[in-house]
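To keep things simple, chains are lettered A, B and C as they appear, and every chain counts its residues starting from 1.
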Amino acid sequence: MIWDLYLVMPLALVFIGALFLMLFSLVKQVELTNYNLVTVAFLSVSLIIELIIFQNVEHDYLFETIFAKMFIVDKLSTLFNILFLSGAILTLLINNNYFKSRDYYNGEFFALLLFSIFGMMMLAHTNELITAFISIELASITLYVLVGYNHHSPKSSEAMLKYIILGSLAGVFFILGVALVYGVVGSTYLGDIYSYLIHHQNSDISLLVVGMMFMMVTLLFKIGAAPFHSWVVDVYIGSPFPVTMFMATTLKIAIFSILLRLFLVDFAPIYPLILEIIKVVAIATLLLGSLLAIAQTQLKGMLAASSIVHVGYMLMALYAIGVGSSFAASAIIFYLISYFLSALGAFGILSFLASDEEKRHLSFDDFKGFAHERPYMAAAMTIFMLSLAGFPSTIGFLGKFYIFMSVVETGEILLAGLGILIAFISIYYYFKLIALMYFYPSPNPKKRFPFAISTLLIVGVALMIVWGGIGTGLIPFVAGADGLLTIASEALKTIGK
Amino acid sequence: MESIIFFILAFFLLSGAIMIVFSKESLYSAIGFLMVMIAMAGMFALLHHSFLFLAQILVGVGAVVVLSIMIILSINLKEENQPKQNITRKNILFTTLIIAPIAGLLLYAIAKAPFAFAPIAQHFGTIETMGKVLFTHWVLPFEIVSILLLGAMVGAIVLSRRRLHVES
Amino acid sequence: MESLVYVALFAPLVGSLFAALFGMSPKNLITGIATSALLFISWVASVLLLIHVVGNGAVSTTLMDWIGAGDLLIQFGFQVDAVTAVMMVVVTTVSTVVHVYSIGYMDHDKGFNRFFSYLSAFVFSMLVLVMSDNFAGLFIGWEGVGVCSWLLIGFWYHKEDVSTDINPSISPSWAANEAFIMNRIADLGMLIGIFLIYWNTGSLTYDTFFASIPTMDAQLLVAIAVALFIGAMGKSAQFPLHTWLADAMEGPTPVSALIHAATMVTAGVYLVIRANPLYSHEAVEGVSLFIAYLGTFVAMFAATMALVNRDLKRIIAYSTLSQLGYMFAAAGLGAYWVALFHLAAHAFFKALLFLGAGNVMHAMHDELDIFKMGGLSKVMKWTYIYMGLASLALAGIFPLAGFYSKDTILEVAINEDTYLIWFALWVTAGLTAFYSFRQVFLTFSGNERYKELGHRPHEMPNYVLIAMAPLAILAVIFGFVFMDSFQAFTSTVLPAYEMSHATHEIAWVFIILTTLIALSGIFYAYKKYGAGLIRDEKVESSFVYKLLSNQYYIPKFYDSMFTKPYREISDMLWKRVDLKIVDAIVDAIAKFIYFSGDKSRAMQTGNLSHYLNWMAAGVLLVAVIVSLSAVLG
């Protein structure tokens, strides 16, 4: 019982934080930075508890007598929670300046953000489809509002409206799928679906497959896979920077938490039926995402479009899981972490610049000669671009490497070849930025490196990327790339069937 | 008898849905919405689910539809104020072509599915049973729904409180 | 012992980073002293390691796992065996001397701090190259020295050409790029070799690869051997990739001494020596023989170019090329320890020669034309002695280092019954003696031609001359003190190469023959140039002379065959393909994606319903796939 209370603490803290901020947003005298710090404080305590839980937890159901087996606590869920929490903390701290530079932020922003994180954490813990649906909606609905938070910008409102309509439509498919699955299995527990499939191998499971297909549609939409990717660029460009950052990194990870759980547990008996979808979607995502990314003129749009491509790589690995790769699942988690760091840094620099200089539109041309103006920021940006492009000695390279290895392991050489080809194409749009930064004279004079939480964190993230890429062993007891991979595979082991 | 009622309800449900999409006046769409909601409630009644029937009437009809009609009336939503919609024949054809195979697949799968129906339990669908189920077995999702509503409420307030400054 | 390995390896890196901190600031003596001190520490560690390896055998250590996924495990591992220990001591000895020397030489340079940062970074890369226990680490070091060499050749990138009258097209940045590009071409071959090794053995460590050689396909082994040797050819500037080495003399002279004489250019030889289980395998015999013949050819080819050159540094560069040829000849014939021995001896006397040339340049205000010098021995006594000693060693005069190493190579050629190689190398020995002393006499004796040009030469500061002393001592004693112990020591790793009895019997004949031709080369040089420069119009206008002084027209040939067409093609590609086709594709993609053409993309354009259509179509797509693969199937 005490242990259960301990396990529920991180979620409870986030929820209490949301309530606290909701109530205190009424107090007008409080400065925005203080809201931010309070939010970060709640998240940090929660994060610390999660880290302790991660060491000790194996496989638990929270309050089994009350919640039955709906709320699962295992290493996988805890690992994902750690990612959400650290993603949110980094997002908030890196954007500290940005919040102050815009007048439309207030206490509710942070309350909504915490609600969203609560939904994501719930999603990682859920062992039941209805709860999963509600958690996805909780995470999404609050995000819809956050996307439209900039009420000065019609673009932001437009993005919100698009996101609401498309997102709701996508959500409907999930609940339709759940209904169909329930119709066949008579239960919505993940484990029950698995055992039904194992025990009813001779009966007709078309309806179940169709139901799962609908569920997949929603999840593919939420991670922005083709052909459900059309919203990504518009919504990412329209949203305020902190929200874009949050969506691109944290939300994507959250959806992958349930996707992995579903895929590893429930879909396992019917891989042959479901894999074709994943393969086609992965290929389409890679190709269409690359096309979109090439066509972007704004940096934010390029990062948004390239995030679609990164989803494509992870779907490739998802396919590899189904074909029998032994470490594809760990590769996905590793890739999530590597993408998380790189994208966070890249968006962070954009948000820092946007907060610093009002007039920048942050198109590619605005970065001409950036290296001469802000050498340190340009160096960090270069690291992020290199990592996103998968250049050796960055964590992004290892992420791609593991994914391609897992695909090659299954014998799908052509698919891996396509992935490598796409990675080469991606060099075009990532290196375009690097070239612009370094090979043009700067119109502005050189600026000093501004010491602030945001900038220091950006540099820190850049160092982490290089650290993760160069490897482990330089400093003992600190997990580098291999450590992360071990953690991921450990977490996957605790998934119950 | 039951199937006759079902088809009548289904007719209203579908025609209501078509009305929502095709009517150019928002008020007619709202009335179509009302038809859908009532027909849906009838469906629940047909399934002996008294709780859902009541909830559908109270919440769906009483709250959601009435609220939307009120809003439409209060902000004087006219056709010329709305974004231009181009519901052309081509669009309808295109949509049908897309949706029909999906619906066909769904029907096909349902027809093939090996359903094993248990007889309806004695107190199925009563408020008491529903309450018990919601507060025992489904207590976790039930509680999270309340958090979802809270979050949505905060969001709605935030959105309604702001003022939109349109810049060109 | 592992800590010693890390001290030896990382001390230069620490020095480089330390100097880099001051990279943009004006000259700070502390950077020079700190990097030199750290290199000295590295040298001490290397010597201690050498002693340890002599007593207890190889040391190996794993720094960290770089990539570990599934079956793949690439480790950053280091091993110090006899070959590595020798290389480490050679590298750290020469670099310590060069560092101290550079404090004096780069005294007035604006980029003083930057220079030491690059130089130490180079030493670090070179140590990674020789200490790695796998091909991945070797390749990283290989690329590292390439980059540092590029930075250092182009160190005076702002400077226009210094020897305009001889070869007008060369400027430091051009030379740096040439070296870089030539090496990249060769590295491609090396990468293919490494890839083949990984593909077939699943590992990149030397031990695993060497252990699996007996079971590997003969053709595959040949392919690997050829690919690796292409890499070695680039780095060691073997024909036809040799042109960059002479042009690399545009860099500061200490760089030439360290990188383009003693260390980096010998990396190719090191690779062949390191991969001796591969090259001594019977399936690869042809490749090895080819290496030997190519080495012999380069030895002679480069020596002929040195005969007529007037540029002080280029002469030494060609002689380096020629000596690298000797090393490859020995390695190709299977006498790996002889190649390594010549490598070490050559490193000492050639670095000494270069540093002496640096002294002369410094005294003559960067004048390189030896026709404009002469009689410098009066003002630069010590430099004269050093360069004289180094030239004697280079010419192979008893009992200096070069005599032992070069003579053994000639003996090997006899022992293998490859008389053609012996003869070519024998002739080259004479040529070597001639051009070395032509240079020495033209520079140091005879009439003082520099006075007409208004130069006032002066000797280097004493500490610079003292710093050079270790190299001079080694150039003298290395042969007769260390040769036997060297052979015994390296035979723990390398195949022991013994002369046959017959060779042993008649060796003295060949020793006398070699010494004779070397002495006659010196004598001829003395006769011709000892009294001063007498130019012979007839000789200088002859075809052979022109051919040699234009380096067989090979640079011009490359320029018209590769550089110019490439420039034209890339110009055309830029104008036609990049500007038109690539841009058109990008535009077309943009248009295809936003086919409304309206980039504002507001709600009113109906984009939302467009998106909804897309989404429904997506669901349909998924449904179709599912029905094809599951429901209907």
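One rule holds for everything that comes next: a contact is a pair of C-beta atoms (placed from the backbone, for glycine too) under 8 Å apart; a residue touches a chain by one contact, two chains touch by 3 or more.
Everything quoted here is computed from the prediction, not taken from an experiment.
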Distance-to-centre winner among chains (Cα means, whole assembly as reference): A
Of B-C and A-B, pair with higher C-beta contact tally: A-B
Mean-CA-position distance for chain C and chain A (Å): 47
Length of the line joining the C-alpha centres of chain A and chain B, rounded to whole Å: 31
Whole-Å gap between the CA centroids of chain B and chain C: 77
Shared interface positions of chain C, touching two or more other chains: 603, 617, 619, 623, 626, 631
Contacts with 2+ other chains: residues of chain A: 154, 206, 209-210
Contacts with 2+ other chains: residues of chain B: 105, 108-109, 112
Footprint of chain C on chain B - complex, ascending: 83-86, 91, 94-95, 98-99, 101-102, 105, 108-109, 112
In the complex with chain B, residue positions of chain A that touch it: 15, 18, 22, 66-68, 70-71, 104, 108-109, 111-112, 115-116, 118-119, 122, 128, 130-131, 134-135, 137-138, 141-142, 144-145, 148-149, 151-154, 157, 180, 183-184, 203-204, 206-210
Touching residues on chain B, where the partner in the complex is chain A: 105-106, 108-110, 112-115, 137-141, 144-145, 147-148, 150-152, 154-159, 162-167
Complex interface listing, chain C residues touching chain A: 62-70, 72, 76, 586, 589-590, 592-594, 601-603, 607-608, 610-612, 614-615, 617-619, 621-623, 625-626, 628-631
Parts of chain A lying in touch with chain C, wherever the complex brings them together: 154, 158, 161-162, 165-166, 169-170, 173, 206, 209-210, 213-214, 216-217, 220-221, 226-228, 230-231, 234, 270, 272-277, 280-281, 291-292, 294-295, 326-327, 331, 398, 401-402, 405-406, 409, 470-474, 481-482, 485
